[in-house]
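In the part that follows, the structures are each spelled out as structure tokens.
Both complexes below contain chain A, partnered by chain B and then by chain C.
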Partner chain A sequence: MKLTKIMKGVLAAASIAVVGSFAQAQQAGGSLVFLVQPEPPTMAGYVSTSGPIGLLGPKIYDGLVDYDNDGKMVPMLAESVDVSPDGKTITFNLRKGVTWHDGEAFTSEDVQFTIMDVLKKVHPRGPNSFKEVSSIDTPDAHTAVFNLDNPAPYMLRALSSYESPMVPKHHLEGQDVKTAKLANNPIGTGPFKFVEWKKGQYMRLDKNENYWREGRPYLDRIVGRFVPDASTRAAAMEKGEVLYAAYNAVSNVEAVRLNKEKDNIGLTTDGYSMINPMALLEFNTKEGPFTDAAVRRAISTAIDRQYMIDTIFFGYGKPATSALSSNFSATGLHAKMPNYPANGDVAAANKILDDAGYARDGNGVRMKGMFDLIPYGEDWKRGGQYIQQVLGEIGIQVELRYEDVPTWLKRVYHNYDFEMNLNYFYQLSDPVLGVHRHYGTNMIRKGTHFVNSSRYSNPELDALLSAGMTTPDATKRAGIYLDIQKILANDMPVVNLFELEFLVVYNTKLKGAYGSAMGAYASFGDAYLD
Partner chain B sequence: MSDFWKRFSRNRQAVLGLIILCVVIFVAAIANFIFPTDPFLYSKFPLSAPGENGFLLGSDSIGRDVASGIAHGAKTSLLIGLIATLAAVFIGVIFGAFAGYYGGIVDDILMRITEVFQTIPSFVFAILLVAIMKPSIESVVIAITVVSWPAVARLVRGEFLGLKNREFVQACHTLGMSDVRIMLAEILPNCLSPIIVIGSLMVATAILIESGLAFLGLGDPNVMSWGFIISDGRSMLRVAWWICTFPGIAILITVLAINLVGEGLNDALNPRLRERN
Partner chain C sequence: MNRSSKIIRYVSRRLIQGIPIILAIVVLNFFLLNLAEGDAVDVLAGEAGSATPEYMEEMRKKFGLDKPLPVQLAVYLKNVIQLDLGYSFRHDMQVTELIIDRFWPTLILMVSTILLAVGFGVLLGLFAAINLNTWKDSMVSVFALITYATPLFWVGLMMIILFSIKNDWFPTSGMENSAMFYEGFERVKDIAHHLVLPTITLSLFYLALYTRMMRASMLEQYGQDYVITARAKGVSERRITFVHVLRNALLPVVTMAGVQVGALIGGSVIVESVFAWPGLGMLAFESLFARDLNLLLGIFLLSSALVVAVNLVVDVIYCFLDPRIEVN
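What follows is the complex of A and B.
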């Protein structure tokens, strides 16, 4: 018995050595099948930031730069970036000889068009990211000069292929960008070319033979599979039918089990550092039962955030303590606020509602409402069921609604036909990029996804948000964001629940697909199988 | 009556089914007393194994008591089964009685309508109906009724066709009795036995359809049911087997019991089988 164990150990060591030597070789070829959950509504990453688009889009489209794990820029379509001393002129020296998947040349005109006519106009976060960009000069085909009204250091953190994909001017010019055919037939400069989208089943991308990076990509093919059922997804991972799953495509409970039981399945929380995701409740502040800030404060007070993290996400997460993620502590912007008790305080919440004059009827009900749940899987459904119970304890009776992704997006961001919505937002690497879009009056943009759907509008806050955008001094900026967080802890158009820690579940056969700051939203140009 | 019981109890399996069914009904009846709290109520003890932390049959991912869910779910399942069956029998008897009694054009029209409903696969039709209406307990009952009544209509029509030319019916005609009275007071009592048998089996089918709908997420999200527990616990099957297993067993034995009782009723009520001993 003992001997076999030792033998096993020796064998394992030998196999690791073998794996190691293969890793040097970085074999070309093979198909990567991975999970995409849910199915993306379109492939227009320049119009919608809906999560699943990011899993496939950056394989097809390149950005000007990429980022390593320390947040440093890595050259992509831009070989180098020069920032003038006053920060108002930024010059991108573009790579030569890059072609679109249809054979046309990629030029500075594409960059100009992408930023000025696409991202700045229709992207959910683009108007913020590129707010200060007044014009882009194209002195030659391989130079793009951004002219800024004010310095905007945050802009250089928003240039990845996920956040700001470069799109072909010749396929969008003169059309309505939001309805252009490119949305379902993406043509980029990335390592993989779009081939086929079988709705409800998979999307197939093939190797771009003319990719500008010598010898990349290694893989011949990438297939994103859409599997609506959670246990089927976990089984596919276990059997090795799929090799990679990010953003909770395999639920935490199954991920932890697979990692424990299977030697060839690994688990990491890396690859989300640029994303900074926050689970939250959005409220309709214009109509319905949740227009009173006191009610929203009571809801925030009642919910046991730690319980949700422990039971639904199996310990991966951190209770929210403010409108800003605690990850912004590094830059001194985050401050702990009242009304965000980690363990929930039902008695205090009841008192808030009593004081606000909401009396209970014979059944103990103060008010009724409809509660929409983000249709991204069973974890969120369970989270909604928990919140429904807690709200019952403070006399708010809600009915749950769980729809498909397009219906839900339309309901919340096109028609504002919702009362309370469980969701998560990416706060990204700076509040200007990820947080402002949720609260600014200028971010009430009907039909644009993941912006200010609460239709919250507060001139005082708007002024602070503008100041936060343009103030370079760190101490002053921290003071501005302290005021912002105080206002939001009181008005609470959005109740932040907890900072999500997503997992990546991977088969050890797949190499080179993790370790990038963009994680699953990276190009996979370096990924290979052994 | 004692004669009926004698014939029923001759079938041992039917008696066993009746006992199980009585237990299920009893549990449903006392659910509010043994588990007074909301079955949706979470607790601080998620995924407790059966017997742990005071959960007889374990708890689910957010600490809800599976035993409480099963007891309250029994109420939902039986109630839906019973109401949907009564409604289906009511509609089916009216359609079948008129079609069989009057024949001719009335029969043609009513039977063509029935066939429209019969040609659509019943579970798919039920999913469609619930998806169109909002998932709620009413829409589930309506959907089950709509897919179940044609079978009753067919059966009743056949019985009426056979009975309407018998001497006792003709005697009623000569006595000047109204058609409705003949149908209700004379023919219907004579075809009650097969209706009772098909009705009892339909309760089992209704419970299965309801569980299937809840399993697909089309049950009333605010009402506890067996299908709901299974649907919720399915993704945890490898970690917490008890969440799906116990409500699954509950569905199995309840449906089996109702089928056994139905079989026993058939034996006891069918005159042609009376000699079978």
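What follows is the complex of A and C.
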């Protein structure tokens, strides 16, 4: 398979786009102040995938490639990519004349070091994404050859600046990568240079005058502001003090109001397709009341997903129809499954429980359980209350529990001291990256967060998951994932609820910062103020 | 022995007494904080998505969280005695550096709030006491009651809506304009501009307290024998109020102000949050949820030291307000 041609096509398209955009005469200059919520712990995007790091990191660091809205690769630090016919050798031809913000040249050694010594070792998802990469050769300064043990088609979807930022070898080599000073003084090749971080206030990035893209970035400065209170964030947006907010920095209720009341405030749900957030219920399949798959199927059948989306999330979301997000339809992997009625079917759910022999007692209760809620705010509390009510209708009485983040993480992922848990997962750009971790037997890892906390283990599924990882052929792969979805729709260790649609709220003065696949996690090199 | 050398001896003795108090507070806080479930590694790993157990174990080792609690405490105390507050693993920075960075905004907000609250509180209380049982007195009482009873976050949000969105007089939040980055005197003006709304919001609550206290205290002093004596001597009412009664009435207010300096550090979390003011309260709040115990202990240490110091200052102020009070 030769991807070079595809990339060249994209390149040509990109250059046409560049010509076209110059015709519109973008204005250079100005400061973009936007909301970053919450304040990131550090700026080490190569160690942590913490959301707020993603909002600022990709402005400073570049990836090898970027992705357009169809999920196709767009050249960044790599001008083209060649994949060998057996899928085991991938050659990245790197851009020439790129320098780090400190003036040093960017070379293939940086790529080798970033993948082998940083991402593969300390990145939370890197060991998975680059699992098959056994070594990287650097025949010259602008060529990096990845040698793979097995084909890994998903790897090519994990190369964005958010997922796999390229970091400077000369600032990390010979040090403990996790404690290196680079974490608080990021130096990348991206369109903006790190200037200062005032804890509790803002992070300031100034234009990189030596950026490799001619004429970019347009903006002189990007400032990420940290405002802890949700109402104040909305007020700052309303007043125009900040021009952009993503990932619920401005809540849906305020976003919809601002959009209605103010002419200069726009909304979009674009920019989250590579992230693919999915709201879901995790079940303890080893102990407690939900060890029987029939009960879990009944719960999935009873919940009115569309109602949850409409009343709690202001209509932003899509009912889940299988273990995979419908965004995977683009790669042919998603298929609609039974036991996922969009509007809920309480009668059918009751029938499942009756058939399984769960009788109601004098109060109409079949079973009791504890229901933990993800401690990420009011929307999730309300979601929990709705589910509690629906489960009451099918004779499952649950008590809600809402704790703080560390306590909740410890309970679910260390102690397995839970029965049912409301949560959301990023399914990311490929099931291997975002979905496998929820179901594989090898992903039952005590103490690791956001993996298989249900402790569901099915050898048949495990075999399919491994096949899904190493099968490059698209049709064969679709067949494998069809089987995977069938098994999961029956066993339901996890019940997917709905695909979250986060909003981006923006001031119309800001252009060119939305509409890309990476959304808020993009570089903003094309953003400008009107 | 003359008065000033007495005061110096008194102050140094009190300072030495303060050290075991502060250490006791540190030890108590240490164990209290460790009662909370989960640690900094859990939070960091949780935010990062998936992390391997080996990775988390390694981090715990690095942070010293794998050692038994008494050992952790001994290490911490040893460092504190050497004035080293340790390292915040979450922020990858020295705790001292972090705290000093956030101490100035807190200090600015605290000082301006206390000045405004005590100043206006004393004036209003005085005004109410002089005009006892008239409509003026009632107005002051009603005002104090309303400001005291209104939740701070609501007042803050209403301030933003009224004076920032409806009328474009003040910025909604933050400490300085992050699009412009002024320097020099322009920056001072910019910070003062950002300071107005949070200061007014935070002082309204305390203002009510001081007003009511001042009024009660004035009335109490008016009933004292020395006031009758002064009147009998033919001292003017004006002089009685401002020279005799006012000075005595200020004592409890000053005591209260001293106690509240400590509370203001923590109590301003709401105002800091609403106005995105980068103070210590917010830092403490966030570090609790991040289980960043080193940082939290550092903040507690600073605030306990501050309370000890301010109480000492208050005691010294007593001597000047009321010459009958002596230090020994």
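We take it that the second predicted complex is superposed on the first by the 308 of 530 C-alpha atoms of A that agree within 3 Å, B and C clash if a C-alpha of one lies under 4 Å from a C-alpha of the other, contacts with A are read in each partner's own complex, and residues count from 1 in each chain.
Just so it is clear, a residue touches a chain if its C-beta (ideal position, glycine included) is under 8 Å from a C-beta of that chain, and two chains touch if they have at least 3 such contacts.
Predicted model, so just to flag it, every value in this text is computed and none were measured.
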- Item | Which partner reaches more residues of chain A (counting touched residues only), chain B or chain C | C
- Message: According to the stated criteria, A:69 is in contact with first (chain B), second (chain C), both, or neither; which is it?
- Response: neither
- Task: Return first, second, both or neither, reflecting whether A:231 touches chain B, chain C, both chains, or no partner chain.
- Result: both
- Message: One more residue to check, A:458. First (chain B), second (chain C), both or neither?
- Response: neither
- Message: Just to be sure I read the superposition right, which of the two partners does A:311 touch: chain B = first, chain C = second, or both, or neither?
- Response: first
- Is A:470 in contact with chain B, with chain C, with both, or with neither (first, second, both, neither)? neither
- When the two structures are overlaid on chain A, which partner does A:125 contact: first (chain B), second (chain C), both, or neither? second
- Examine A:204 and indicate which partner it touches, taking first as chain B and second as chain C; both and neither are also allowed. second
- Query: On chain A, what residues does chain B touch that chain C touches as well?
  - Reply: 231
- Task: Spell out the residues on chain C that touch chain A in their complex, using ranges where they run on.
- Result: 36-39, 42-53, 55-56, 59, 62, 90-93, 98, 101-102, 105, 153, 157, 160-161, 164-165, 168, 171-176, 178-181, 272-276, 278-279, 282-283, 286, 289-291
- Message: Under the definition above, what is the set of chain A residues touching chain B in their complex?
- Response: 230-231, 234, 251, 253-254, 257, 307, 310-312, 378, 382, 385-386, 388-389, 392, 399-400, 402
- Message: Could you list, by residue number, the parts of chain A that touch chain C in their complex?
- Response: 31, 33, 38-39, 41-42, 47-51, 122, 124-125, 127-128, 178-179, 183-184, 198-202, 204, 221, 223, 225-229, 231-232, 235-236, 238-239, 241, 403-407, 409-411, 413-414, 426, 437, 445-451
- Note on the structure: Per the touch rule, the chain B residues reaching chain A in their complex are 38, 40-42, 44, 46, 61-63, 217, 221-222, 232, 234-239
